[in-house]
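We just call them A, B, C, D, E, F, G and H in the order they show up, numbering each chain from 1.
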């Protein structure tokens, strides 16, 4: 998997994803080149993604909501089918009252009705329950890496 | 707010957060310096965060779960109180069956029991229902920016 | 109570609330004066209200939602207390899963969080569950009058 | 859309739908003719309806109830199909525990059983949960117009 | 319908169903024959039944339970089909969380499983939720007769 | 407890509670006097009640409903307290979603709101959920007696 | 059935399943041979099983959970079908919110998703709700034997 | 922890808890003495318990049920308090709709009402929902040991 140096790198990038390799290298006592190589490997192996994250509401983007979904068949198959929609920004398989939690971003009420109508007709979907977002209060990416 | 060039920048950084200013500048027809200035302003004004995101499960980190929480008083106050815990990585106020959705990352079952016991005793918490994660199927940050 | 002529009047006004007394009088075979007198009596006795109704969404007004509320004490007392809020446009006592259904119109997510936080603290409120409106599909006032 | 004078007009008509054009005109500083023209345009464009509203219970009309409905397909299609029934006086698409809220007025228990039996057989209806009305406590139409 | 004397009769028989006609006649100031005639007419018209009621548990009879049933089609049709079973002693159509409440008396756990398995397969039954009886605390028949 | 002859007696009285002792005696091969003695003993020992039963709806009596009640303390104490109300005609302790099922008969919506407001304030009542009756489809008393 | 001596035997073996026949015989005042014969008969008749029980978590075995399952057909048939899976360690038919409770032990999240996907497709399964175990707090086998 | 030989031992004892040390020793290629020593160590360290297990229903023991419990404070504290009751035979902390699942064995309906009344009054208990057992369909102890 990943070693302690990788964990150090991840920890720093969780706070500042654009930290220059020179600064990052100094923090982990590696050369710029070695640091860059490690970061690139972490990205290419899919361990991390370095991206701009934002609160859609701040950008004036329509409606965000979490959907609690129950299914009647194969969890992964339905998760993949829903995840193929651009409105789905987060798809996770769960236990408890719902089988899937899917976070969506839609333009407005009209397109939300469209999305729900379309998804309810997806084979294997038993029910969809919506939780509209009233406001994001915390979004962090710097959880411990071991 | 933000102009169309900002939106262009965000769109690119949502896919590759470490894109060099030179490459980004070319894509939006601005000089490196102007590009850097805009990116820094977007960050300093809190419009975007550029960070390494990852799937805790991939890093071998204990347990991830969403909590559906009902409260008896002020939503923001409770959201802030729970958000002050390091285990809470995502806190959003919602409508529907729950008043708050809180994503948590905990080390193991023992610390999960500790967290739940502590949070249930928080003033203003009526009930907590847990959805354990069985697997993350999609996590994207490149939603439309208008 | 009201007689058959009153019922005829109501039926016509449910479709066109501004129908002139002359036209209405002809339809129910009464003089203008007698018609006006009956309409005024129906209004002053509280049998009918003649008002402009509209879909808040059409007017670009923020958020509409129905709240399903459970209470721990006197239904009427709580209904009156909530009804005293300008955001509450419809308050009805019910049987079934909820004790009260309250329709609200609020400006935006911020004020919705404020309203919910305030109402949850109202003495006698056990829980509030929100149903956001995605779109009004029918709103009619011409139900049978007997 | 509508301008500030329209909003003024609507505000007055939400309280007194039969206010004479002369009185209304004075309040908004317009001639009778111009006022009438604006009111008629608001009505013909569907921005407002001016109607007699009443509490069915006051008229001795049987049973009123809200139905919380879950559907398996296209929300609008089902909303329109149910809305075509004369018993449905209010149909709104929602998020949360139910996909549709439909207010109905029926004559008596017998016709309520008939309605429910018929609607449950409607294609695309997954479940119907009934909230009987025990008493209307507030019904207002004078919400802000911006 | 029934007159005040009938109501008097019913009231007395709700407490003591075997009260002799002579005693009952005296209480309502009618002859034995007239009293007998009225009682028989109340029975033959189906207004009352005079029967021995008992608590099955007292007789050492297996298991009593209420079933909350949701249906997908015609309420009366399903109510009649279930009511045709000897185990069903009370069948009522309801609003709220369930469409039918059915009280059953079964011999033992084995026959309860049989009954539930059979009923779940009945066309038009969506779900059955069981409430086992732990003890009857009140059973009265002398409610007001107007 | 009771012997086979008692069971025979009960079976006959469950269908016709006013069957004369002579007729009943013939069916169970006992003298009138012995039959009367046995019936009286069954009544005095509380094994059976012989009463007129009816459908309140048939008598034009207001509203019937089942209440599903959850409690926070002693089941029997609350059952007895609620059972002391004349509106409660059936009180049974249950397992499952509710702790008590209580059937009530009330005059009208007004008195139903009164009853619910009063009962919600009863110490030890956590919640009350109402199932309005739309129509009684079966009511029988002739279940097996062993 | 079983006699008092059998009950004595069971009581002792519920605490110490490997108690030697000599020690057990002394406690119940029987010879070794007679004791052994009784124990063997209790086992062969299926009254008891003498087995090593453990907490899977203690052995480092993946995930334990209880599943609350609702079914649409024959309870026993579905119980047997699910029980044929090695992951199912406890299968019981229930009343209340669920028709079956099934305890499962699976290796990891991946195999849990597989199991749930497979079971949801089982004919007669309406829904599965999962309760993950966070920790076993008591497991005893010495309940009274009469 | 435990080694592969221990796992082998556990596997055999999960099927036959009274297997003689000689037979068990042969299966795992160890001497009787070494085998006995290992078994005793597994027991003394609490890895396994060797006990007689049975289906209470087979022994004619009253009522078995699972309780789904929600709590308002510390999970372990409440779990221990309930586990101290002899009626509780299985206590596990869970995620999902309930915080605790507790299996109970009680003599009869009377003592079940007593137990529930007593437990509802326990500090930290928010609600108890009961699932009565209709029949045990599988109970196994031979799950994999790694």
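Here is the rule we use: a contact is a pair of C-beta atoms (placed from the backbone, for glycine too) under 8 Å apart; a residue touches a chain by one contact, two chains touch by 3 or more.
Nothing here was measured: the structure is a model prediction, and the numbers come from that model.
Q: Which chains contact both subunit D and subunit G?
A: A, B, E, F
Q: Report which interface contains more C-beta contacts, comparing F-G against B-H.
A: B-H
Q: Same or different: at the subunit D/subunit E interface, is the fraction of residue numbers used by both copies above or below half?
A: Mostly different residues: under half of the interface numbers shared.
Q: If I compare contact pairs by residue number, which of A-C, D-E or F-H overlaps with E-H on over half of them?
A: A-C
Q: Just how far, in Å, is the C-alpha centre of subunit D from the one of subunit B?
A: 39
Q: Find the geometric centre of each of subunit E and subunit F from their Cα atoms only, then give the gap between the two centres in Å, rounded to an integer.
A: Here the centre of subunit F sits 8 Å away from the centre of subunit E.
Q: Between subunit A and subunit E, what's the gap in Å when you average each chain's C-alpha atoms?
A: The mean C-alpha positions of subunit A and subunit E differ by 57 Å.
Q: Got the subunit H residues that touch at least 2 other chains?
A: As it turns out, subunit H has residues touching two or more other chains at 65, 75-76, 93, 95-97, 112-113, 129-135.
Q: Can you list every touching chain pair?
A: A-B, A-C, A-D, A-G, A-H, B-C, B-D, B-G, B-H, C-D, C-E, C-F, D-E, D-F, E-F, E-G, E-H, F-G, F-H, G-H
Q: Along subunit C, where are the residues that touch subunit F in the complex?
A: These residues of subunit C touch subunit F: 70-77, 93, 95-97, 99, 126.
Q: Of all residues in subunit H, which touch subunit F in the complex?
A: 65, 112-113, 116-117, 120-121, 127, 129-132
Q: Give the list of subunit E residues in touch with subunit H in this complex.
A: Against subunit H, subunit E makes touches at 57, 109-110, 112-113, 130, 132-135.
Q: Residue numbers of subunit H touching subunit A in their complex, please.
A: It is residues 95-97 of subunit H that touch subunit A.
Q: Applying the document's contact rule, which stretches of subunit D touch subunit C when the two form their complex?
A: 1-2, 7, 10, 13-18, 39, 42, 46-54, 56, 58-61, 65-66, 68, 75-76, 79-80, 83, 86, 88-98, 101, 105, 129-146
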